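The same chain A turns up in both complexes below, where it pairs with chain B and then with chain C.
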Partner chain A sequence: MLLMFDDKHKNHLSFLLDIDIAVLQEFCKISLEFIKKGANPKVYQGAAQKLSVPAETVQNGVEGLMYLLTESSKLMISEIDFQDSILTLGFREDMQRELLALYLTHRREVRAILSEMAMDVPHYHNLEWRLDVQLASRALQRQITPIVTMKLQTKDGEDMMSHVLQTDPVNLVHLTKVLDEALQEIKSPYCRRIFRNIK
Partner chain B sequence: MELSQLVLDGLILAGDAAHVNDKGFSVLVTRAFDGLIDDRHKNLIAKDPSFRGEDQAVVKEVYAALVTLVAEAAKHDLDTSSISSLLEECKFNNERIETFNKIYTAKKQLVQILLSGVGTTPRHIVDVDWRLDYYIKNNHLEKVNEAVYLVSLKTEVSESPGLKEVQFSCTQEQLQDLVGKLKDACKCLEKISQS
Partner chain C sequence: RFRFCGDLDCPDWVLAEISTLSKITSVKMKLLCVQVIKMLLGQDIDYNKVYKITADAKFEEGDVKACIAALNFIIASASKYGVDEDSLSNELLQLGLPKEHTTSLGKSYGDSLHKLQDQFKKDSLKLTQLESVEWRVDYIISSSLLKDINEPCVQLKMNVKSTKSEKVEPVSFTASADKFRVFLNELKQASSMMDSLTSS
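This part shows the complex of A and B:
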């Protein structure tokens, strides 16, 4: 799968074609930094003064690189496809190598950042349990009721939630059995076949 | 177990053949148990033809006293001999004591099960649903390709009708962690039940 660039994007990147390789390296570093921590417009000003070009050109160049990097990481394109994609942009050979290295070294990291942006539902985080025997209550004295009390922690993004739940031995065994079945299902030939075939 | 004077007075009335005849007594005791066990039977006594023409105030007082006795006796898990001595003090004859004890022995456990549900407890897990998805992509990321479980625990909330759900998702590793911990708990229970 090749990346498609629209004319505007090509235009933004064209500024990078004639610069020194060291400057490109600097641009790559800045782009990566911005993907990780968010953009800092002050950097554009400084770089623009050094290179004596308008700040907007620098901004377009950095954003063009960021887009190139996020888009290729998003699609997880192969090494060959990446090379073929940037071939059409007119970069020099040493620049192509630089961009490829940038992509290959950092795509995992970029994907991790992208995956944080994805919507998510509350996730299992931890479970703690304890075994109690209820001996009496206001309504009923002299009882021996075994109870498994559990604290289920789920995480929704950064928010941690705690659920205090309880169950009796029969339901605990049932719960364990049903969830164990769920775990076995993933190893079934059917699921494995599907996993293999979705690429 | 302590009963208030009001309840004791009601019980004395119940044991008094001048106020409650034998048939009426057995109906009252049965209804007292049924009324406690099933909410729908709570007011059956009001329409019962056995008490037509009787003094409704007496019927009411006796019924209330019997219901209290049943609930308190079950709460304290009294045996029939303690009940007998209590009823003797309320001037019950042997026949009535036996009638009461017979029904009490038969229904005590049911009443106790009901009583055990009274009070606040954490949400009680009674069932679980799961679903297995293969997460392919989202708007920010292609080729995510991982298995995701959606688990929904069905829980009963004390003293409120219906089931409430606790939902969460987990990866295969997380579910393994969860099931491992649940198996530990099961093993622990098994060990204790055998010792």
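This part shows the complex of A and C:
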């Protein structure tokens, strides 16, 4: 599968065609940092001054390189496809090798970062529990009622929500039994057949 | 089957980490224990010290994290079930940790067992907590509806720390003399019941 580049993208990357290989390596590092941590405008200023081009060209170059990297990692294209795709852009031999090496070494890492960006439901973060015995209330004194109080914390990206739940022990036993059955379902022959076919 | 796991089986990952823990010397093990106990007592762990301790054994980052996690589990779970240091050392010996390591771990654990249990008691799940109470008694002379009222009333403000946000929020209300008497009576009943339980 070949990557298709639109004209604006080719324009941005054209700036990178005639620079030194050392500068290209610098740009590769900057794009990786961009993917991992976000844009850093000060670096663009410094690079623009050294190469005596406007900062915007530098930024476009870095973003173009970053887009190239993320698209190729997303589609998990093979080496040959990657080389053919960048051939159309007009890079020199050594720069092609450099870009290929960059793609192969960092492919897994970029994929890991991309996988975290998928949409998600809130998932489990923490569960604290407490076993109490209710001895009296305003309405009825001299009682003995065991109660389990739980605080379930779920995390959805950045937000944390906490839910306070109460149950009696019988209910809790039933809950654990149902959840256990759900886990056992993974070991059933039906699920095993599906896992084998996915692999 | 192990007391420090609460009479359950020891988790597989802890068994796997015992062999990683055996690679460092027992002196370094004791220093690591001290760091982990500091973390359990609520202070921040100093990763630079940890890296220096594990530098000799050439641990990777994953190994360091695994060691800390395993020690964390062992010490926290042992103090949770109130295991004394000798039984803990014996059980760790059975799991395969070398003798010098178990004795040094047992000693640091035994020294801080009470502190850990106190800290865990404080950290146990609490729902909303009462931080403080403020009150004021006013005397209402008259109002727009009635010319002569001449009644006392009390205003109460309770500062409550909520479960979800760790913020202290005020809950305030006003009560007339009769209502407040009922309120006070109920609270006194609850208080006497709590006293009878704490003394017995």
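Everything that follows uses one rule, which is that the second predicted complex is superposed on the first by the 146 of 199 C-alpha atoms of A that agree within 3 Å, B and C clash if a C-alpha of one lies under 4 Å from a C-alpha of the other, contacts with A are read in each partner's own complex, and residues count from 1 in each chain.
Criterion: a contact is a pair of C-beta atoms (placed from the backbone, for glycine too) under 8 Å apart; a residue touches a chain by one contact, two chains touch by 3 or more.
Values in this document were obtained by computation on a predicted structure and should not be read as measured data.
Of the two partner chains placed around the shared chain by superposition, chain B and chain C are both touched by A:Thr149.
Judged by the touch definition given at the top, the superposed model places A:Leu140 against chain B, while chain C stays out of reach. Using the contact criterion defined above for the overlaid structures, shared-chain residue A:Val164 touches chain B and also reaches chain C.
In the superposed pair of complexes, A:Trp129 makes contact with chain B and with chain C alike. In the superposed model, A:Leu114 makes contact with chain B only, not with chain C.
More residues of chain A are in touch with B than with the other of chain B and chain C. Touched by chain B in one complex and by chain C in the other are residues 128-129, 138, 141, 149-150, 164 of chain A. The touching residues of chain C, when paired with chain A in their complex, are 124-125, 127, 163-164, 186, 189-190, 193, 197. Chain A contributes residues 128-130, 135-136, 138, 141, 149-151, 161-162, 164 to its touches with chain C in the complex. Across the complex, chain B meets chain A through its residues 74-77, 112, 115-116, 118-119, 121-128, 130, 132, 134, 136, 138-145, 147, 149-151, 153, 155, 166-170, 172, 174-179, 181-186, 188-189, 192-193. Taken in their complex, chain A has these residues touching chain B: 74-76, 111, 114-115, 117-124, 127-129, 131, 137-143, 145-150, 152, 154, 163-169, 171-176, 178-180, 182-183, 185-186, 191, 194-195, 198-199.
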